[in-house]
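In the two assemblies presented below, chain A is common to both, partnered first by chain B and then by chain C.
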Partner chain A sequence: MLEVLGLKKHYGSLVAVNGIEFALQPGDIFGFIGSNGAGKTTTIKMLATLLEPTEGTARLNGIDVVMDPMEIKRRIGYMPDFFGLYDDVKVWEYLDFFATLYEVPARERPKVIDNVLELTDLSIKKEAFVATLSRGMQQRLCLAKCLVHDPELLLLDEPASGLDPRARAELKELIAELGRMGKIVVVSSHILPELADFCNTVGIIERGDLKAFGPVREVVKTIQTAKVIEIRLLEAAPEVSMFLHGKPHVTNTHMMGSTTVKVEFAGTEQDQAEMLKHLVDSGYKVTEFREEAADLEDVFLKVTTGAVQ
Partner chain B sequence: MAVADWWRTQKRVYFGNASSVRDYRAQLRGTRPALFWTLYLGLLILFVTLAYANVVVQGEQSITVIQTQLQSFYQSVLGMLELMVALVAPVVVGMSIQAEVQRKSLELVSTAPVSPKYFLVGKVLSGYRYVLMLLFLSLPIAAAAVMLGGATWGEVLVSYLLVAMHGLFYIGISLPIAVISTKVVPAVIYSYMACWAWAFGSAIPVASTLFMSGMAPRGSHVEAPFYMLMFPGAFYLGVDSYTTVFGNQIPNWIIATAVTLIIVKFFIVGAGSVMTRIGSKETVSLRIHGLIVTAILTAAYSLTLLAGRGTSITPGSFSTFDPAHELATFFAVLSIPIVFVLPHISTWSYMDERKHKPSGFFDVRQVLSGTPEGGLPYILLVLATMYTVGGGIWLYNGATIDVNTMIYLAWLTGAWVFFWSMGWLVSSFAQSGIGTARKSHLAFTVIVTLLPWPVLGIVGSILDIPSDDIFRVYPVAGLFFDSTEIWTVAFLALEFWIIALWLTYWAEKRRKSVVSLMQRATNERKPA
Partner chain C sequence: MSRYSVKHLFVGNPMFAEVVREKNKAFAEHNWRGAQLAARVLLLVIYLFQLILTLRYVTYVEPFILMYVMLGLATILIPAGLHGAIAGDREKRSLDMLLVAPVTPGQIIIGKFGKTFLSLMMLIIAVGVPALVIELVKETASTSRFDLHISGVVGFFRALALVIATGLSMGGLTMWISSKTRSNSGAMLATVGALFVVLIVIPAIGGVMSALSPSASELLVSTNPFVLLYYAYNGDPNYGYPNLAENHGSFFLWPTITLMLLLTVFFLTLATENLRNIARGRVES
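Entry: the complex of A and B
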């Protein structure tokens, strides 16, 4: 279990991370969302023991990041947004280097290297020089390096940046697989729809403050104070907006062309059914009646103001 | 159990170091290394041919002349090797570390469960491999010198060991510079500057030591200060020299090698301390090594100076020198290296990590932790170590320590407290980070130390005041005056202490206001 407890990072009077708190369970894939300069990388670096928190701490299965950084290092895998690979060595040599650093016994190293190469689909490139790998493969190699010591927590800072759609899809699948293996995965990203696909928990950070945290569905639900229902009619009916405006639970309406209206609705599903019945009874020929699902992007835009530090 | 753990750690750091193995794999790959070594061998052969042609003149000559010529041939070969090592060692280490910083691979290594020492030792080992290759490839040429009669195998082996030690020393100097630097070019340039300053600067004490000790020519089995073997410019003169310790003649190359290893370790923990957090093992180790190195250098320098005057020192044997003045000069010269560490231990910043944030200006409990409030106590501890070891040796050899000596020491201590207080004050103005504070402190130190000399000189000549009189008010000039003018020295000491206290008071007022401003700013940002 990862517990983040009032983590703060100040640079003089600049507050980069402002006492954030959350907890993650094994198997959780946590999407960390925020604009540039919001505090994502600073938080991840503090968890990776690269930065010292000004206040607060984090615990991984009871081990304190501040008090026992060496033990934490044994249990985490960190992949920075801009990762430096040694391009003058072979793929297996690169992994062997990190396996040695992580004290993987010399006898087990070849097997471990083969396993992580297989997991990241790089077995074929075992003898290739790192410099000859594509960007996507290098990304997977860096992820493979994070796995040589079988960590409990993976910290992936913008892992999908600069990847083509195929490489992105492969990486997504790989991360989902790591979650299934029971690891806690923290992923920061700007590409919000992508996070929604495989993260089961999200956190939104702005100017160092954690604005929202929880399972994706709950966060969306919490933020979404009113549903938006899109109603499409068979024939043009510009007056439908006025017709719906005063009805119970309708907070606002917008005409989208002459046949479509968007209704902001604060009622229950029962109230929703009543409104549909009322429309049909009033002679409107409804061809489509659907609730617009709010996505992470909507939530993000609603929660944040766009302010940076 | 503890010993087994310690041994396992040492084995891991020094043998099979992953960082060194990785560099080794990359170092010997491709055509570049082959080209480099071919070029090196070519240059070496060309140089040796020219040197040989230059020293061996055609025609009939006496055996003695030929012997001398072959010896100078051998010396020029050693000089060439020393030059190659001085050229290659700093650049290999500087580039290797900076390459890790630039491509951000250091960040990945830093998240692995290894200490900075592990990483740095790996870099030392991979850099040192280059030095050893340089020496190994030149062995046939040294063998030629032996065959021709310019040197013996014993001399060659000890000389090679010493050049290898110099290479290690250059690597050691380059380590902290490479870690502190932010780019490759400054890292290499500053490393060269430091190494070459050492190589050339060390010629001065060596020359004075040789002059004082009246040393015999090269190859003589004589007593000489061990540290001359650590100096690149003159080591070959003392290859067969020794130091008498409790009646036993210990070869100087053994002592020089041991001292070099201690100093290199000091550099490694220094670089490691830069890379770690508040109160790290590396910082504590650095501070302890700093005291050990201070004690060793003080003892070495004391014994050398005293050896130049015979085995026993009496006040009379100082001849025209004033004993108090001379002892103060001795301590002043010895304490000069403090100038290089002062910017690091006298400055602070609230913009950076916790290890740079002070909670006061003087806290004895933090003397080894590396926090700013432990800086002044540490400087005083270094000076105390120097005074105790140096004073003890001088007293043991018959020198006297009187009131005049104490006044000189008060002046010298005041000088370093003053330079520390300047660092404390400039930090309160340079609030854009610790780097700015350090650079500002270095700049002010240079200005305060050097600028008044020409200015006061010009003022003196315009107003027609004798130079002794005009420098009477300038506290840095304390060593200008001997004990016949001890009250001038006392005045200058007082001047230093008063200015230092005033600067500290001012700096503390500013620091406290910075703290309250920061607190106000951060309190306004309560967690959401």
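Entry: the complex of A and C
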């Protein structure tokens, strides 16, 4: 279990992270969302022992990040947002070097290297020089490096930045697999669709404050005050907007062209059904009636103001 | 705590894997192609050529000259090989990967410093061993074409100790500079600057000072490893300074070697402290 307890980082008068708190369980894939400069990397670096918190701490299965950084290092895998690899050695030599640093016994190293290469789909590149790998493969090699010591917590800072869509999809699948293996995965990103698919928990950070935290559904539900219903008609009816305005539970309407109207609706599903019936009874030929699902992007835009430090 | 003891730096330090990585890098197949391969073959041919000539005309060659070659190479090769030890990782953004591994900053510094021993070992094999062979041949045959006082194998090992101490202190200085700089080129420039000061500016000041204060001048000049090497090998303390033996004699060699070893420890401690600050985020990586 990862517990983040009042983590603060100040640089003089600048508050980079302002006492954030949250807890994650094994198997959680936590999407850490925020604009550039919101405090994601600072938080991740503090969890990775690369930055001393000004106040507060974090514990991984009871081990304190501030008090026992060496033990924490044995239990985490960290992938920075920008990183370089030793590119004039072979892929397996690179992993062997880090496996040695992480005190993987010499006898087990070849098997461990084979396993992580298989998991990251790099087995075919085992004998290749790191310099010859594509950006996506280097990203996966860095992830493989993070896995050689079987860490309990993975800290991935913007892991998909600079990847093409295919490499991005492969990385998402890999991270989901790591979650299924029972690891706690913290993934930061400012590209929301990247996280929405595979994270089960999200946290939204802005100017060092954790604005929202919890399972994706709950966060979306908490933030969403009104649902949006899109109604499409067979024939043009610009007056339908006026017709719906003022009806029970309708808070706002917008015409989208001459045949489509978007309705902000605060009622229940029963109330929705009543409104549809009312429309049809009034002679409108409805071809489509659907609730627009709110996504992380909507939630993010609602929660944050766009301010950066 | 045991992890902060001196022992943890040398016993079971996983960062010694760095030496294996360097070896893998040096013998990487793509480093053995084209111009790189040609350069290495050329170096080998030149080395073998001079080795054959040396052994063929052994009576004309004074081994201490080879020790000068070794000292010169040590002062160039070690800084050239080590200047990017930390700065290169910072420039490449690969330092964070090391800092989150369960190794202390001291272990990282010692692991990277291991390359100094590799360079010294290569020099000893390439230059020191032939010098020793010649020394033994000369000692057995008691021949020398020059009127020099040859102090034999003991002199050889005294000179070797000086070369090793110089190499280590150069390595320590370079590691410290590397830990303070963020780019390979910056570290290279700073290292060249430091060597220029240590090997040229300070002895030059010593030369200039000779008119004002002969003993201070002697002190500065005669602690220069290139001056000391002659004495170390030949046991002749009068090289360039007639009063040297009377004033200071053999006091210079071992104190200088000791000073160099202390400087090595001092610079490595400073480098470790710099890396510790980087590791805790007090200095940007």
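Methods note: the second predicted complex is superposed on the first by the 309 of 309 C-alpha atoms of A that agree within 3 Å, B and C clash if a C-alpha of one lies under 4 Å from a C-alpha of the other, contacts with A are read in each partner's own complex, and residues count from 1 in each chain.
Heads up, the rule we're going with is that a residue touches a chain if its C-beta (ideal position, glycine included) is under 8 Å from a C-beta of that chain, and two chains touch if they have at least 3 such contacts.
Quick caveat: nothing in here was measured; it's all calculated off a predicted structure.
S.K.: Answer with clash or fit: chain B and chain C placed together on chain A by superposition.
M.R.: Here chain B and chain C cannot both sit on chain A without a clash.
S.K.: Which partner, chain B or chain C, touches the larger number of chain A residues?
M.R.: Greater contact footprint in residues on chain A: B.
S.K.: Once chain A of both complexes is superposed, is A:F98 in touch with chain B (first), chain C (second), both, or neither?
M.R.: both
S.K.: May I ask you to decide whether A:T54 touches chain B, chain C, both, or neither, giving the answer as first, second, both or neither?
M.R.: The first partner, chain B, only.
S.K.: Contact-wise, after the overlay, does A:G19 reach chain B, chain C, both or neither (first, second, both, neither)?
M.R.: After superposition on chain A, A:G19 lies in contact with chain B alone.
S.K.: For A:V112 in the superposed arrangement: first (chain B), second (chain C), both or neither?
M.R.: Neither: A:V112 stays clear of chain B and chain C.
S.K.: Using the touch definition from the top, say if A:M70 reaches chain B (first), chain C (second), both or neither.
M.R.: both
S.K.: Just chain B (first), just chain C (second), both, or neither: which does A:H10 touch?
M.R.: first
S.K.: With the two structures laid over each other on chain A, which partner does A:V89 touch: chain B (first), chain C (second), both, or neither?
M.R.: both
S.K.: Could you pull out which residues of chain A sit against chain B in one structure and against chain C in the other?
M.R.: In chain A, residues 48-50, 52, 70, 73-74, 76, 78, 80, 82-86, 88-89, 93, 97-98, 100-103, 142, 145 are touched by chain B and also by chain C.
S.K.: Using the touch rule from the top, collect the residues of chain B that touch chain A in their complex.
M.R.: Per the touch definition, chain B meets chain A at residues 12, 16, 18-19, 21-22, 25-26, 29, 100, 102-114, 277-278, 350-354, 431, 517-518, 521-522, 525-528.
S.K.: Hey, which residues of chain C end up touching chain A in the complex?
M.R.: The contact residues of chain C facing chain A are 3, 14-15, 17-18, 20-21, 24-25, 28-31, 89, 92-94, 96-104, 279-282, 285.
S.K.: Can you name the residues of chain A that touch chain C in the complex?
M.R.: Within the complex, chain A contacts chain C at residues 45, 48-52, 70, 73-74, 76, 78, 80, 82-86, 88-90, 93, 96-98, 100-103, 129, 131, 142, 145.
S.K.: Would you pull the chain A residues touching chain B in the complex into a rising list?
M.R.: Within the complex, chain A touches chain B at residues 6, 10-13, 15, 18-21, 48-50, 52, 54, 69-71, 73-74, 76, 78, 80, 82-86, 88-89, 93, 97-98, 100-103, 142, 145, 208-211.
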